[in-house]
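Shared chain: chain A. Partners: chain B in the first complex, chain C in the second.
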Partner chain A sequence: MLAQYATTLTFIALGAIFAYSFYAVLIAGQLSLGQAGFASLAAFSAAALAPSAADVGDVPALLTAIVIGMGVGAAASIVLGLPTMHLRGVFLAIATLGFAEAVRVVLLNAEWTGGAQGLGVPRVLTVGMAWTALAVVAYWFWRMGGSRYGRALEAIREDELAARAMGIDVGRHRLAAFVTSGAVAGLYGVLFAYYVRLIAPSDFDFAAAVDGLVTAVLGGSTMFAGPILGSGFQTMIPELQRAVGIEAGWIRPFLASLLLLVVILFLPGGLTSFIPRRVRMPAATDDQGKDLAGRRHPAAGDAVVTLAALGKEYGGVHAVRGVDLEVRAGEVVGLIGPNGAGKTTLVNMISGLVPPSSGTATVLGTAIGRTPVHRIAAAGVSRTFQHSKLFDRLSALDNVLVGAHLVSRPTFLRRLLWLPSARRDERAALQQAARCLERVGLADVAGTRASALSYGDQRRLEIARALASDPSLLILDEPAAGMNHVEAERLSQLITSLARDGLTILFIEHNVGMVLRTCTRVVVLNFGEVIASGTPEQIAADPVVIEAYLGAAEPADVDPAAGSIAEGTAVDPTAGGPDAAAPDAVLNVRPAAAGTLEPPDTTPRDAT
Partner chain B sequence: MQQLLNGIFIGSIYALFAIGFTLVFGILDRLNLAHPSVFAASAFVGIELVARGGMSLWAALPVVFVFGAVLGLIIERLAFRPLKNRADAHFAGLISSIALAGMLIALLQWRYGPDTRRFPAGSFPDTRYEVAGAQVTLVQIVILAVSLTLMVGLTYMVTRTRLGRGMRAVAENPTAARVLGVNVDRVTATVFAISSALGAVAGVLFAINVNTAQLGMGIAIELKGLAVIIVGGMGSLPGALIGGLLLGLAEVFAVQYIGSSWRDVIAFGLLFIILLLRPQGLLGARKVREV
Partner chain C sequence: MRHTKLHTVAAATAAVFVLASCSSGGESGGSSASGELSGEGTGDSCTIDAEVPLGAVLSLTGAAASYGESQQRGLELAAKELAEKGGVTYDLTIEDDQTDPRQGITLFEQFVNDGVSLIIGPTLSNAAVQSDPIAQEGGVPVLGISNTAAGITDIGDYIFRDSLTEQAVIPQTIAKATEEFGLEKVVVMYSNDDAFTESGYEAFEAALQDEGVEIADTLTFSKADTDFRALLTEAQGQEPDALVVSGLIEAAIPLVTQARELGIDVPIIGGNGFNNPRLMADGGEAAEGVVVGAAWNSASDNPENQAFLEAYEAEYDAAPDQFAAQAYTGLMLIDEAIRSECAADRESLKTALGELEDVPTVLGEFSIDENRDAEHPAVVQVVEGGKFAVLE
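== the complex of A and B ==
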């Protein structure tokens, strides 16, 4: 019974293993077509180097070959990966494809591979061995799914820059995914060789690579069962067609392609869309589990950010010029200024996204300049973005879990062994994430996809994600943009309460009323330079600031009736001169500048 | 000299094929993997027109151009438009165009069978010229002339006409283009039509050049097309032209001096070096990282 289907079943397993080598990189958002090259190198090296099955027995020969093959595959992927990991999308695909083709041609012309005739290999693999190997590979990716490492890869796929800002070393993670892919492809190459009896370089050509990619995407590249389903589908279609009596020839490939098209168009998640997804809800905040590794925060009053003559120039345009600024632990500093004043560029430099063109900056003891973003995040800087950069296809909870990357421990290897300590660590991270969600009032939408949240909820989710890393310095870039005044007021209270916990906060905001109510100090930027810095009272009364916002300090320009529309306007500070402003006065600005419908800045956007 | 000319002829076909590829990528940021199947299909259709329809070689070219354009519209409608708003449109578009290519090749197999097809004897005028001691046929000159005319025409259209301005606007920012009144869907469809029409003409010219058409001919040129657009710079039209000619010359000289079995290593070696040293290609602009 089983023997009748042994060939089909073996090919399903082989196809699935090859598809896993694509899955391994697709899950991190990389498109590679070099797997056929890795498989080819592995198959030929193993066939040439491994001891003969006649001498040592079938299983030892196969195991040795597998070790050689996976080693060769991994080594080749390191060699290829190191220079190509900076390539993205189609570029990486074509570079790796070029590598695979070059490998094919070299093997075709080499002596030891038998050239176009190929190399004879004894058939050792049985259907049981093939499925055992597939089970091991599938287990590996299943346990990877819920681990810190697996989440980091998914975060990189969804938004690489945000992943960096959460402290994930993107280069290392991408290379790790690539090497995994190479090793799995090597495993496939060896198993294939020990099944088909004769291998030729043309078995690992472009068409083979495309087959593997199609299988992986068809099955679904976001869930570990995808490659198995995809391979089952791809292998079964011709079998089914034969069973129902469809003649060989053009109809078979036509129907197979048509089915592929239908699946791709109507099942966005591939075949795994049919599998219901389990949503992990955080266990209520019972403080049973141990806490995450806390950070050491600077003592109140210590310098957190020190900028000296910091400048940034974009092709002759000075976005930021000669900024000297010091932020001390425990401060809540508001950064305001008209559109294009350089606020976002300044915080991008502080968080390491944009290297300054002049001046020096030290943030939490780390010098800014060539330090990669994830190192600065590791030093304790966490931020939100002007335009939400959430991990769209992950749940709200998973977004926050990625935020906790820096303060949680790696769990993948321990998860493979089912060590209880991994479960404890995961639970601690979950609780941390749940606390952060609760703090911003999003506990009830923990299982919702980030992209399905309302705009205001997305902004708050970004804050929760930034909080999850237990930062020393929190940078918020226009957190209240698009919020109504009730939401903005709640946000203001949240910021105040975070500051009470000792967090240092730097935030950009156009809602001046909110800034003046929330901050301990306000810095005003215009044309890339600091034009004023002081307590909210001083700033509200500063004629230079008023001029920057209103264009002129003439009382006639300000219509108190119009001003009262502006949020939080209590007193018109220009009415009776600077000294007349009440201590709790807020700056009266044009409604257009203070309202929440602020159009986005027009400054160069390449770093926001 | 003979080799140089041969390299230029074959290179101009590569360039024509690659320009269709790179046009879709440059403007719409999608890689259309059904492009090679259009290339193969048009070669068969071109032979059919000449062999059965009794058309002259030159009358068949415009018909194939239109045939390619229609295929392009079909590809856009079936494989790309339904994916427009999907988060994974990039990967899904690759796969859906592979699926469509599979269907197209299957249909070719149904119509023409698996065998190699040739033009009927006597389809080609056998006028020959001597250029600096090298033999050039009239057919080769026509290949070069048609390729260059189409490429110049395309460049003119993209840089000078209203439609071309619409295309460049869509390439910059589809949303903004839509807001400003550009009919993005129509521009997208037009880009696919033009791209496929160029690929179709390249297919016939290739078939004329080697006087064969095979089902697998698309796969062979697909890799070369990808290499050409990378070398020239993704989305750069002049880059594709230069890349195509370079590849044609490199191949011809590699065969001459190193041996035919190493031909493809040259192409991919070149590709690899370019990717490492200048990922944006020879003439590609480094895309500002969109973050």
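== the complex of A and C ==
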């Protein structure tokens, strides 16, 4: 019974392994079509170099060939990956496709490959060996899924910039994924060669690459079982058509393509959409993250951010110019100013996203300029973005777990071996993530996809994710934008409580009432320059600020003596929307109340 | 909800396997029932009660689809004529390998398991190298109807073919052309990304060396190319006595047309790939004078060929090409072999095929030699007045 399906089953396994080479990069959001080239190089090198099966026996010959093939595939992917890893999307696809085509032409014209007539290879592979190889590959990707490395790749796929800001070295991760893909493609090439008896360069052409890509996408590129389901589907279609007696000819590829279209239309997530995912939410425990790599925070009063004459110019437009600013540990600094004042540019420079055009800046001992974002994140800077940059297709919990990247240990290799220490580390990271979710009040939606959360919840999730890295400096870019007054009030309380824990916070906000209530110091920016800096009371009473903030358009409303901003009778013209001016959030704030904010806690903080 | 979906998937998967096992279950047992596959009488009087199961693996879709379609027509025409003849009935299953080695291997495996008496095909020589060993191991005779590469029948003693190898056709072509045109210096052009045309090139090269003709230049192109002007200009610079081209018909037509446009009026010599009525149909005036070495003399006036041309024209309203002729001949040869012993089981068929000798066919007097390769007269044709004529 099984013997009758041996060929079909072998091709399902081979197809799945090839699809895994696409899955390996798709999971990191890279579209590569070079795998056919890797497979081709690997198959021909292995067939030419490996000892003959007649001399050393089937299994040793195949194993040697596999080692050669995977080595060649990985080496080729490094050679191709180093110059192309900065390419994205369709550009990477074109570059890798060009590589595969070049490989095909070279092999076609080489003597030792037999040209178009191909190279004969003995059949060694059996269905058992094929499935063993598939099991090893599938196991690899299964164990990768729940590891820190696997989550980092998914984060890169969902939002590369946010992943960088969470401290993930995107370049290294992308290259690692690419090399994995090359090695797996090499494995496929060798297994294919040792099964079909004759390999020709045309077996690894553009159509083959597209076939592999379609199989991976069809199965689902976000879950490890995807390639197996995709290959099963693709391989069974011709079988099924023969079984039901559809006449051979053009009608079969037509129906197969139609079916493919239907599946992709109705199951955009691939066939794995049918498989429910479980969310691991750890039970509350009391071992407060003692397994996590601790971070040393600066002592209260130490300089966290030092900016000297910092400027940023975009083609003659000075977004920020000559900003001198020092933020000390324990401070809560609010950055306000009208739209276009350069607030976001300033925090982008501080978090390393944008290099300054002039001046110098040091953040947590790291010089800003050429330092990549993930290094600055590693120094202890964590941030949220003006427009939420969540990892949309990941659950809320996974989003926060990615946030904990910097304070958790790599677990993938240990997970492959089922070492208990990996499980402990994963649990510690989970608990850290769970605590952060709880802190922002999202514990009950841990399993929900980030994109399915309400707007306010998304903003809070971003804060939880930023908190998970146990930062020394937290930068919030308009955290309350779009929140209703109840949500804004809760956010205000959260920031206050974080400040009480001693966290240094720099935040941009249009909700002036909230800023005055929450901050220890307020910096006002206009046209890229600091026009005022001081305690909330000073700022609220500063005529320059009122002038800049309200502009000359509504002079009648300006009454500095009454402290109109602080009392909330002034409406921020730039915040727009009724929410921002909602009475509870913005109005009725007495400067005195803001001024009496408790002094920052100067005792050293623990992990949270 | 999720559970329902899972069940649906599980049910669908199960259904696939059940269907697959049903279909093969229905046909299997053929090999064990080989006793029924013999009957009374010999030759035309032979009668076998059971239907003789035959499988054909052709490339009906994919890169080699144009050849596969011709072959399908040739086989179906032969099957129709044999059905009218009666006595021995055939259950011919034509399957498509999609020009994909995976499908070819799977189909061979299935035909072997399903108990067919013989497998016809596959279309391409590369596919034959990949699939024929399966039939050899399973003890099922194979008759190749278009495999021209060397070494195919070396796979084993169950592998036969009715297609002449390039090595059998091309030396004759070159010898004849050298004699006719007094060739001293030629330029060789071939598409190097196709197994068929590449092995044709190798045969041309060897034959030219044997005849002592100088190869001034060797130019390669891709089977997907349609613009040959640059290459032809390069060839023209060598002032050759002839252009020798190993290419598929898709390349042959634009190549010949463009050569004539550029004023290259030396003979153009082509291989099996050129032996297609489309050369004249699409090439028109430019095709005149093209020399084509081929396994099938389409202009032959032997009665089998005349009958075939007429029947094919009537059935499909088109002229047959070499692939159709060889496919048609293949099934006729199988019928001949079965009737000789009046037995259609695998072993009898294998023996009978090996003993075929001087059978009158569309291809001429046909024999299978000791290497299980075809033996019949090849022909050197020249296009004259929009038709192939024998070069004399």
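Here is the rule we go by: the second predicted complex is superposed on the first by the 545 of 608 C-alpha atoms of A that agree within 3 Å, B and C clash if a C-alpha of one lies under 4 Å from a C-alpha of the other, contacts with A are read in each partner's own complex, and residues count from 1 in each chain.
Just so we're on the same page, contacts are C-beta pairs under 8 Å (C-beta built on N, C-alpha and C of every residue); 3 or more make two chains touch, one makes a residue touch a chain.
As the structure is a computational prediction, the values presented were derived from the model and not from experiment.
Of the two partner chains placed by superposition, A:Arg427 touches none, neither chain B nor chain C.
When both complexes are overlaid on chain A, the residue A:Arg197 reaches chain C alone and has no touch with chain B. Of the two partner chains, neither chain B nor chain C is touched by A:Arg521. When both complexes are overlaid on chain A, the residue A:Leu87 reaches chain B alone and has no touch with chain C. By the touch criterion stated above, A:Asn109 is placed in contact with chain B and with chain C alike. Of the two partner chains placed by superposition, only chain B is touched by A:Asp392; chain C is not.
In the superposed pair of complexes, A:Pro253 makes contact with chain B and with chain C alike. By the document's definition of touching, of the two partners only chain C reaches A:Ala243; chain B does not. Touch criterion met: A:Gln4 reaches chain C, while chain B stays clear of it. Across the superposed pair, chain B and chain C both touch chain A at residues 108-109, 249-250, 252-253. By the touch criterion given at the top, residues 25, 31, 78-79, 82-83, 86-88, 90-92, 94-96, 98-103, 105-107, 109-110, 219, 222-223, 226-227, 230, 234, 261-262, 264-265, 268-269, 271-272, 275-276, 279, 288-291 of chain B touch chain A in their complex. Residue ranges on chain C touching chain A, taken from their complex, read 2, 5-6, 9, 13, 16, 19-24, 58, 60-61, 63, 94-96, 98, 101-103, 105-106, 109-110, 113, 125-126, 129-130, 133, 149, 192-195, 197-199.
Those residues of chain A that touch chain C in the complex are listed here as 1, 4-8, 11, 14, 108-109, 115-118, 120, 123, 195-198, 200-203, 232, 235-236, 238-240, 242-245, 248-250, 252-253, 271, 274-276. Listing the residues of chain A that touch chain B in their complex gives 26, 31, 83-84, 86-87, 89-91, 94-95, 97-99, 101-102, 105-106, 108-109, 161, 206-207, 210, 213-214, 217-218, 221, 249-254, 256-258, 260-261, 264-265, 268, 353, 389, 392-393, 451, 606-608.
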